[in-house]
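By letter and in written order, the chains are A, B, C and D; residue numbering begins at 1 in each of them.
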Amino acid sequence: MADLSVKIHDLLLKNPVMLASGTCGYAEEINEFYDVSQLGGIFLKGITPRNRDGNLYPRMAETPSGMLNAVGLQNKGIDYFIQNIYPRIKNYETPLIINVNGSTVEEYIEVTEKVNELDNIPAIELNISCPNVKEGGMAFGVSCPGAEAVTRAVRSAYNKTLIVKLSPNVTDVSEIAKAVEGQGADGVSLVNTFVGMAIDAETRKPLLSTVTGGLSGPAIKPIALRMVWQVAQAVKIPVIGMGGIMNAADAIEFLLAGASAVQVGTALFKDPFIPLNIVEGIDNYLLRHQMSSVSELIGGLQL
Amino acid sequence: MADLSVKIHDLLLKNPVMLASGTCGYAEEINEFYDVSQLGGIFLKGITPRNRDGNLYPRMAETPSGMLNAVGLQNKGIDYFIQNIYPRIKNYETPLIINVNGSTVEEYIEVTEKVNELDNIPAIELNISCPNVKEGGMAFGVSCPGAEAVTRAVRSAYNKTLIVKLSPNVTDVSEIAKAVEGQGADGVSLVNTFVGMAIDAETRKPLLSTVTGGLSGPAIKPIALRMVWQVAQAVKIPVIGMGGIMNAADAIEFLLAGASAVQVGTALFKDPFIPLNIVEGIDNYLLRHQMSSVSELIGGLQL
Amino acid sequence: MGKKSVADFIITENIPLNKDNYLIRLKSPESLPPIKPGQFVNIDIKNSSEIFLRRPFSVFETDYKNNSISIIVKVLGRGSKKLTEVKAGEVLSLVYPLGKHFTYPSPGDKVLAVGGGSGLAPMLFLARESGLPAENMDIIIGARSATDHIDASAYNKYGNIYFTTEDGTLGTRGLVTHHPLFGELANYDKIYACGPEGMMKAVAREAKKTGVFCEVSLENLMACGFGVCLCCIEPTVNGNLCVCTEGPVFNINDLKWQI
Amino acid sequence: MGKKSVADFIITENIPLNKDNYLIRLKSPESLPPIKPGQFVNIDIKNSSEIFLRRPFSVFETDYKNNSISIIVKVLGRGSKKLTEVKAGEVLSLVYPLGKHFTYPSPGDKVLAVGGGSGLAPMLFLARESGLPAENMDIIIGARSATDHIDASAYNKYGNIYFTTEDGTLGTRGLVTHHPLFGELANYDKIYACGPEGMMKAVAREAKKTGVFCEVSLENLMACGFGVCLCCIEPTVNGNLCVCTEGPVFNINDLKWQI
C-alpha cells in the first residue's frame, strides 16, 4: 500500500478522502454501513448557534446528473450538538470537522468559540457559501469584503485549523480565495453548490419550496474542477476540492488540479461506500503508476 | 394549432424555438436534414472581423450530461461570410441572426457595421460571453463597465434588433443584464457556456488543448434556468433563454421562468430534429392545457 | 438503528400484476437481516441517463430461506417505468433495510389496514406478519377502477379483503373512506394506512374523529434514504423529522396534517 | 453534401468476431441512400448515464436489398463497450450517411489498402467496392497479436490479404510498414489506410517517400458529426477542416502531419 496520508495545515489525514458537510449527517449514519475511521476525515452537517427548522418540503429535485437541494441548514444548534451528539461520535478515529454557519458575523463567532473548546474537533470549516439561507451564508462568500470580514473575526476566535468553504457563484473565485488567505485561513475548500432551479412544466410550479436551491453532483464537476485548479494556482494554503466526485478517477483529477484532499458529497446518496472505493482506487492507481505517495499526484497536471 | 408566434423587439418569430450560435453552423448543415424555415430563428456561428483558426485540437470533451468545447470562434471572418455564405442562405424563411464577436470594441463595431448593411439579417447577437478566446469575449461580459462599453458602442453602429448574449460566469447576472439594457440593448440572451475543465486521470493531461473550455448541455440547465428567471425579473426587454434544453418540457420551463423564446444548442449534436420536436411538443402542451397562445406561458411560473 | 448494507441483488422474477403494477422478486447475495412491514429498500435504477438518484420501495414479502425479498412497483415516472423493465438474472443494487416498521398489533387486536396505489405492499406484508387470526384483520384496498386492482386473493387467509373503486367497477363505489367499515371504526384497536397522500389524510381524519390508534406510511421524496441529506422531512410535533429514518411510519398524532 | 437523416435502425445481428471486435448489422426503416467506403454513421448509445454524445462508426457493408448496413465495433471505452452489448431486435438511432468517401481507384489501378484496429471496416468495404480484380488489390491487416485479428477470409475474393502482428504470432512480425510489400510501394497507384494514428502516419511517411497517391481516414473526436460544432478539426493546407464533413478521408498531401 502506498502512502496515502496528506496534511492540511495541522491536520494529518490518513488518506485524502473526506465526507462533505451536509451529506453525511453527523457521521453516525455512515457508521451504520462501515467503520468511518477508514476515512480521511468527516465534515459534519452545518451547525448554527441555535435550532433551525430549515426550509419547507419539498427540498430536493433530481436534475440531469445531479440534484438540487434546499435544506436550509436544518440543525438543532451548537449546544444541542455538544451535549447530545458530540459525546457519541467524538471517539471516531478520524478528524471530525465542524461546518460553522451563522446569519451574522457574531453568530459565526458564537459557534466558533464553543467549538474551540471541543478537544476532539481539530478543525472548522467556515461555511460562507450556503445558498439556501436568507441571511448570512452565501451573502458573505460572494464578495471579498464579506469573506474577509467573517474570516478575520473567526480567525481571532479560533486557534486550530481554519478552513474556509468557498462559493462557486462568483465571477472570480481565486480573488475570494486570496482574500480569505490574507485573513489567516489555513486552507480553503470548494465548491459549495451552484444556485439552480427546477420547474415542473405540467404544474407550472417550482419543484423546491424555496424556488431556487443548490446544485451538486457530477453535473457540476467540470466547473468545480476548473475552480479548484484556478484557486490552487492563486493561493499557497492547501485546497480541498469537491463537486461531483463519484469515483477514484474523479478524485485523482481534483488532486492533479491541485487539491491536497477531496470531499465526497452527493455520491454518498447513491452509495455510502463510494469514499472507501475511492481510497482503494487511489491506492491502485499509485501502484499502477509506480508512485509511492499520494503527494506525488497533488498539482501533478501535465500542461 | 395554437398561436406559437412571439416577438423579440422588432423580430417576429413564427415560434419561440431557435438554434443557438456555434451549434448550427450557418444553417445549411441543418438544412440538409429538414427545411429550416420551420424554425423560429437561427443564430449563426460567431463571426469576427477576420479569419480565425480557432484553438488547437482536441477541442471537446464529454462530461456527465454535457460537454466542454474549446472551439475558439473558428470562422473565416465577416467579409468571407458576406461574399460566400450569405448569398446561399439569405433566402431561408426564418430570421437569421449574426453572432458578433471581437477582441476589442473596435472589432465589434467593425463586424456590426458590415452586418448593418445586410438586408436579410434582422438582428445581431452581441457575444460578450465567449469563454474560449484569449482577448475580448467573456472579458467584456463579466463586468458591468465592460458590458456597457461594448453595448453602447455597438448600439450606436446598429439600428436593427440588438440582442446581447450574457455570460453565466458572474456573481450577479441580473446586474449585467440591467447594465446592457441601460445602453439600449433590445433583448438579452443567456446563458453562454460555463468555464469548465476536464482531465484524463491516466495520462494526467487536460482533455482540451486550452485546458479550460465551455460547459454546455443538460448538466447546466438548472443554473441556466435560475439565471433566466432572475434576469427576466430584473429587466423589461425580452429574454431569450438557453442552456441544456433537450425537449419540449425543458423549453416550456424556460418560458415559464420568463423567457420569450429559447435557443437549442448542444441538443442538436444528439439529434438535429430536436427543435422541431420541441415546436410540436409546445403546441401539444398548449392544447392539453387549453391555452391558445404561447404568450400565456411566458413568465407563467406559479409561485 | 441496525446495521445497513449496500448489496447487489439478483432479480429472480418480474411479474406484471396489472397494467401498471409489477411484482419484482430479488435474491440477496448475503444472508437477509430481519425486515419488517413498513421498512423499505432504496434501488439504483441503472442504465438510464435520466435517473441519478435511487428510488425507494417498500418491502412486500421476505423469504429468509431463499434470502429473497419482493416489492410491488407501480409505474409512476421514468424510474419506476425503467425498473419494471428488468429481467430475471439482472442485478440491482439495494441500500437496505431502511426506515422504521409499523407498530405490531397486540394479540386479540382488531385491525383495519387501508392500502391504495403503491401503498398496497406494506399493508399486505403487515397483514401476513401481524400474527392475528384472519377474522381480526380487515383490509380495504382502494383504486380508481377494477382494472387498477391486483389479485390479492392469496391474502384472504390473512384477513378479510374489501375493495373500493372510484367508478364502482369493483366492490364499494367511492374512496376507501366511503367503505361501510368506516362507519364502525370504533370497533378497531389499530388502523394502518399507506397510499396516496389524499387517501391517507382521509383515513387519518376518520381515525382522529374516533380516536383510534392510527399509523400511516409516508412517501416523501428522498435523496439518500438513510438520514444524511435531510431532504425527506415531515413536520411533526417533535420538529422536522426525516421520513427515511424516523419514518416512513408515523402515528397520525405526531403529524401536523391539517385534517 | 447530400441529404442526411436521423433514423431508428433495428439490430438484426451482433456477432463477436474476436475478444474485442463485434460485427453489428442494422436494418433501416427507410430505403437506404447510397453509402460509400469511408462514410460513417453516428450512433446514439442509449441506456447509459455515462454517455452523452453519439459515437461515430465507419460503415463496413451495405445491403440495399435489405436496407441494412453493418459496422465493426472495437471495444475501446464505455461507449463502444455498451454498444457491443446490444441484442437483435433492439433499436439504435443513427445519424447518417456522414462524411466523404475514399477516392475510387481507376480501372487497372494497383492498390494497397492498410487497416488496423477499428480501421479495418472501411478498408474491407473499399476492397469490395473498388471494382478491381482481386489481383490488383493488396490488403495488409495489422494487429498486436494473432488473437486480435478477425477472420477476413471472406474477403480473399476481393484482394490478397496479408497479416502483420507485433509479436509475430500471425503473418509478418512487426508493424504494417514492416511488411515486405512496403519495399515495393512504387508498384502501386493508390494507397489507402485507416487505423491508429501512429499506423496511418507510418504508412503516409512511406507513401510520401515514393510519391504514391495516398488517402487516410481520420478518427478525430467528434461532437456533432455533421459539421456544425467545429470540434473535430484537422489542420490542413486549406486551414482547419472538419473531419466529419471535409473528411474523414484526406489525401496525405493536404494534411500537416510532421512525418
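Observations, loosely collected:
Quick note on the criterion: a residue touches a chain if its C-beta (ideal position, glycine included) is under 8 Å from a C-beta of that chain, and two chains touch if they have at least 3 such contacts.
For each chain, UniProt lists the protein as follows: A, B = Dihydroorotate dehydrogenase; C, D = Dihydroorotate dehydrogenase electron transfer subunit.
Here the structure is a predicted model, which means the values were calculated and not measured.
Note on connectivity: the fewest chain-to-chain touch steps from subunit A to subunit D number 2. The chains that touch both subunit B and subunit D are none; no such chain exists. Looking at contact counts per chain pair, the maximum sits at A-B. For the pair subunit A and subunit C, the distance between C-alpha centroids works out to 36 Å.
Centre-to-centre separation of subunit C and subunit D, using mean CA positions: 55 Å. Note: centroid distance subunit A to subunit B, computed from Cα atoms, is 34 Å. Between subunit B and subunit C, the centres computed from C-alpha atoms are 48 Å apart.
In subunit B, the residues that touch at least two other chains are 63-66, 217-218. For subunit D, residues touching at least two other chains, in rising order: 49, 51-52. The touch graph of the protein chains shown is a ring with every node of degree two. Chains that are in contact with each other form these pairs: A-B, A-C, B-D, C-D. Note for the complex: subunit A touches subunit B at residues 63-66, 68, 142-143, 169-171, 194-199, 201, 203-206, 211-212, 215, 217-223, 225-226, 229, 244, 248-250, 252-253, 256-257, 285, 300-303. For subunit B in complex with subunit D, the residues that touch the partner chain are 22-25, 29-30, 32-33, 45, 51, 53-54, 57-60, 62-67, 69, 71, 74, 217-218, 266, 268-273. Subunit C meets subunit D in the complex at residues 46-49, 51-52.
Residues 1-6, 44, 49-54, 93, 95, 220-221, 223-235, 239-240, 245 of subunit C are the ones touching subunit A in the complex.
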